[in-house]
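What follows is a pair of complexes built around chain A, which joins chain B in one and chain C in the other.
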Partner chain A sequence: MRGNAGRENAFSRLHPAVLMTFFLSELLLTVFLPHPVLQAEALVGGLLFCLLLWGGEFLRELGFYLPLFVLVALTNPLFSHNGVTPLFFLNGNPVTWEALLYGIFLAVSVTGVLFWCKAYSRVMTSDKFLYLFGKVAPRLSLVLSVALRFLPAYLAQSKRVERAQKGVGLYAGESFTDRIKNRLRVFVAMVSWSTENAMEVSASMKGRGYGKKGRTNFSLFKFTSADGVFLALILSLTALTLCGAAAGMKNFAFYPRVSRVELSPVSFAACLSFGLQSLLPALWEGKERILWKYYVSKI
Partner chain B sequence: MKKRCGVFILFLLIPAVTLGGTLLFPARQYAWISLCVALLSCLPFFLTFERGEGAPARLILLSSLTALSVLGRIVFTPLPGFKPVTATVVLVALTFGGEAGFLTGSLSALISNFWFGQGPWTPFQMFSWGMVGWLAGRLSFPLKKSRILLSLYGAFAGVLYSAVMDVWTVLWADGAFNLSRYGAALLSALSFTALYAVSNVIFLLALGKPVGGILERVKVKCGL
Partner chain C sequence: MKFKGKRGAEGGAFRKKFFWKKDFLLLFGLILVLAVLIHGTEIQSVEEYYLLHLDDVTPESETVTLSITCQTVFEHEKVLDPALREGDLLPSDGVILPPTEYVLREGDTVFDILSRAVRHEKIQMEFQGADKSPFGSVYIQGIHWLYEFSCGPLSGWMYRVDGEFPQCGCSRYSLHDGQCVEWIYTCELGKDIGAEWMGGQR
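And then the complex of A and B:
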C-alpha cells in the first residue's frame, strides 16, 4: 500500500471536520498575522508537509515556485520606493533596503499560502468537502456532487462522440479553425446528450423518492480518539497564537524603518505555538511513517 | 428572511470587513480583504438558491450544465484562452434566468479548479464568472433579440473577467493596490484580454443557435 503512487497518507485519514479546522486555522492565521516569523514558520511547515505528500515529484515542482518567489521578492523594490535606506539608484529612483525586505516578506507569505493550498487540495478531497457541507446547504451540495459525478461521465462520453464523428468521416484538420470547429461539433452533441441524460437522472431520483422526509445519509467517516487529540491540539495552539498576538505582539512595520523582532515572552509563546501548529501535519505524517517502518521491520 | 440575509451581507458585512480589515491590519492586507469580499459577495446568491423552491429536475439540470461548462474548459485545454465557459454560462442565463447563470458560472469556476488548481484566486473567478451569468440573465430580453448585442456582451464579459482578475494579480503580488502596476498588468494581459473577448464572441455566435435551441426545448419539454 505504502509504496504506491496513489497512496493515502496518514494525515488525510483524520476526520474531515478536524482537517477543515486545521486548514482554516492555518490559512487564516498565516493571512491575517503579518509577522515575518509566523510567515516563515508557515512556509517551512507547508514545504515540509508537501515534501512528505509528494516526495521527489514536489522537488521538481519547486522549479516553478522558486522563480515565482524571486519574482515577487524583486518586483516590490522596483515599484515601491518607500523606506529610508537606499541601496542604489535605478533611473533616478531609490531602491531601498526596506522595500527589498518587504518584497521578500511578501514572497514568503505568498509561497507559504500556495503550499498550504496545494496540500489542501490533496487532503480535502471533494467527498470530504461534501460530507461537511451536505447538512448545511443540501441543495447546493446536491448540485455540486452531481456535477462532480457528471464530469468524468461527460469526459468519457465526449471521447465516444468524437470517435463516432471520426467514424462517419468528420475528421479534424491540422489548422486552428478546423480544430475549433471539430471540438464545437462534439460540444454541441454533448449539450443535447447531457440534458437528456439529466432529465432521466432526475426522473429516476423522483421515482426513488428524493426529497421525501425520513431519509437518512450514510458516510464512512468516524470520529476517533486520535481525531479528538488532534482537534484539541489545533484549537489550543490556535488560541495560544491568537492570545499572544493580541496581547504582546507589536505590529511589525517595514516602512519607513524595519521594526525589530521583539523577544518578549508573550510574542515568543505565540511564535512557538504557531510554529508547532505549522509543523503538526509533517510531524504526524512522519510519526506514522516511522511507526510503519518499525512494524514492517518486525515482521 | 432570505431577502434580509442577502441585504445584511451586502450592506453590513462587506463594508464591515473592508473597514475593519483596513483599520485592524497595519500592513494593509488588501489582497486578503478583497478575497473575503469576493467570497461574501457570492454568499447572497447561494443563500437565495438554498432557500428557494425548485424541483429536482431543475437542480439536476443545473449540475449537468455546470459539468458541461467545465467539460468545455477541459476539452479546449490545448487551445489556451479559447474557452467556451463564458458562452455556456451566458446561454444558460438567457434561458433559465440570472440566478441559474450565477450558479453555473461560480460552480464551474470552483469545480474546474479541482482540475486546474485551487488557490486564493478561486473566489475571484467564482465571482467574475457568476456575475457574467447574472448580468446576462438581467439583460436577457435585449440579448435574446439581437445577435449584435449578444456579441457585444460577450466581448464585454471577456474584458470584465480580465480586468477583475488583474485587480487580484496586483493585490496578490503587492499587498496593496498600485495604479501604475495595475496599468502594467492590464497592458501585459492585453493579448489575453483580446483573446477572451474574441473567443467569447465566436463561441456565442457559433453556439447561440444550437445550444440555445436545445436548452429552450428542454425547458418546454420538462415545464421548468
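And then the complex of A and C:
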C-alpha cells in the first residue's frame, strides 16, 4: 500500500525519486534548450497534464495564462529591434518580425515552465520531498519544502480571511476600486500571518524531533518494477534529447534571421524523444483513467 | 425593525451610486494615461521610414563624407556570433557603406548624419537614446545587425572624424564642412582600429 492512497491521480503514485528525476529533467531541458520545437512540446505536454489533473478548474485558470502569453509575446518586439524584416517603425525604431517571433517563443517557454511548476506542486507534495531529502539535508529540505508550499498555502489562507471578512459583513462593496481596497486589507493581514506561520512550522517540526536519528517518515514509498521501468525510460529519453542538443540544436538563433529547423536524424530523434517525455505523464494518467472506467464498467 | 430595513436599502442605493462614480474616475484616469501614451508614440510604415530622397549635393552646399566598415570582424571570426556567420548577412569585404557624401544641415551632429544615411540606404540601426545613457549622448548599439558584443566581449561601434577618435558621444559632436566621418567596428575596445586611448596602453 502506497503512502498517499487518497490521491486520485496515477502519476503521483510513482516513487518520489522517479517523479523528482522527471520534473528536474523536464524543467531543466525546457529552460536550457532554446529550440522552438522542444519548447512547444513542453507546453503541450504540460497543458495536457494540467488539464487531466485539474479538469474544468484549470480551464478557468487559462484566463490568466492567455493574457500573460499575449503580454510576453508583444512586449519583446517593443524593446528589441534586431531582425531583418521590419514590420513598421515605432518612434524611429523598427518593430521586426523576428522580434515578434522571439517574443512568441519566450511566451511559449514561460507558460510551459509555469504549467510544469504547477503540476510539480500538485504531484511532489512536501512529504515526498522530505522523504527524498530529509535524511541527507534536513534543514535545507525543510526550508525548501516550506518555501515551495508557501504560495498555495498563502492563497488558501487569504481566501479564508476574505470569506471571514465577508461573513462578518465588512467590505462588501461592489465597485472595482472597493474590491482593490479590500484585497489590500486582506494582504496586510496575510503578511503577519505568513511570518508567524513560518515560525510555527519550524517550531512544530522541532517539537516532533525532525532531523533526529532514528526518526521514520510519515509516508513510506516502495520502489517497484514499474518505477524502475519509468526511471530507465526517463533517463534514456533525456540522454537522447541531450544528444540532439550536443549536435547543434542549442544554437538555434532568432536574430538577425530565424534559423531553419534542422531535419537531421539526430535532431529529429531528439524532438521525438523530448515530445514523448513531455507527454509521458498525460499518457500514463489517461491510460490509468481508461483502465479504471473499464474495471468499473465490469462490476 | 421596519425603519432599519428601509434605511439600509436607501443606504445601499446611495452607496451604489457613489461607487459607480469612483469606478468612472478610475476609468477616466486609465483613458487619460492611454491617450498620453498613444499621443507620444509615432508609428510609421516601412516606406514612410526609409527616406527615398535626400538633399541634393550642389556646389554651394556643405557636405561631409560618411563610411561604415567592419573589417575587424574577419580577423576575429572565431568569436563572431554564429547567427551572423552564415549566409550573406555581412558583406564579404567588410564595407557596409562606402565613403559617401551627404549634405550637412545647420547644427548637424555625427548621429544626425548617421541616422539620415541609414534611413536612406535602408541599413538597420539600433541606438540607445540620449536620455537613457549616463553620458548624455546617443549610444549606437548595432548597425547592419552587427551589435555590441556580437564579436567578443570587447566589441562595438566607434566613430572617427578626420582620423581621430573624439572623446564624446556621437550626438554631441557637431560637424563642419568637408569633414570625414568613419564608423568602424572594433573587437578589442578600439585597439585593433588604432584608438589607443581606450585600448588600455596609457
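Operating definition for what follows: the second predicted complex is superposed on the first by the 209 of 299 C-alpha atoms of A that agree within 3 Å, B and C clash if a C-alpha of one lies under 4 Å from a C-alpha of the other, contacts with A are read in each partner's own complex, and residues count from 1 in each chain.
By definition in this document, contacts are C-beta pairs under 8 Å (C-beta built on N, C-alpha and C of every residue); 3 or more make two chains touch, one makes a residue touch a chain.
Remember, predicted model here, so these are calculated numbers, not experimental data.
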| Between chain B (first) and chain C (second), which does A:94 come into contact with in this model arrangement: first, second, both, or neither? | second
| query | Touching A:144 in the superposition: chain B (first), chain C (second), both, neither? | reply | first
| task | Applying the touch criterion given at the start, work out whether A:178 contacts chain B, chain C, both or neither, answering first, second, both or neither. | result | second
| Partner chain in contact with A:160 - chain B first, chain C second, else both or neither | neither
| request: Mind working out whether A:76 is in touch with chain B, chain C, both or neither, as first, second, both or neither? | output: first
| Given the touch rule stated above, what does A:253 touch, chain B (first), chain C (second), both, or neither? | both
| task | For A:186, select first, second, both or neither according to whether it touches chain B, chain C, the two together, or no partner. | result | first
| With the two structures laid over each other on chain A, which partner does A:287 touch: chain B (first), chain C (second), both, or neither? | neither
| field | Which partner, chain B or chain C, touches more chain A residues | value | B
| field | Footprint overlap on chain A, comparing chain B with chain C | value | 176, 251, 253
| note | In their shared complex, chain C is touched by residues of chain A numbered 81-84, 86-94, 173-178, 251, 253, 255-257, 259
| query | In their complex, what parts of chain B are in touch with chain A? | reply | 25-27, 29, 32, 46, 49-50, 52, 54-57, 59-68, 70-72, 74-76, 78-79, 82, 84, 103, 107, 110-111, 114, 117-120, 172-175, 178, 180-181, 202-203, 206-207, 210-211, 214-215, 218, 221-222
| message | Under the stated contact criterion, what part of chain C meets chain A in this complex? | response | 15-16, 19-20, 22-23, 26, 41-46, 48-49, 81-84, 87, 89, 115, 124, 126, 142, 145, 147
| request: Using the touch definition up top, name the residues of chain A that touch chain B in the complex. | output: 31-32, 34, 72, 75-76, 79-80, 106, 110, 113-114, 117, 120-121, 126, 137-140, 142-144, 146-148, 150-151, 154-155, 158, 176, 179-180, 183-184, 186-188, 190-192, 194-195, 197-199, 201-203, 205-206, 210-211, 251-254
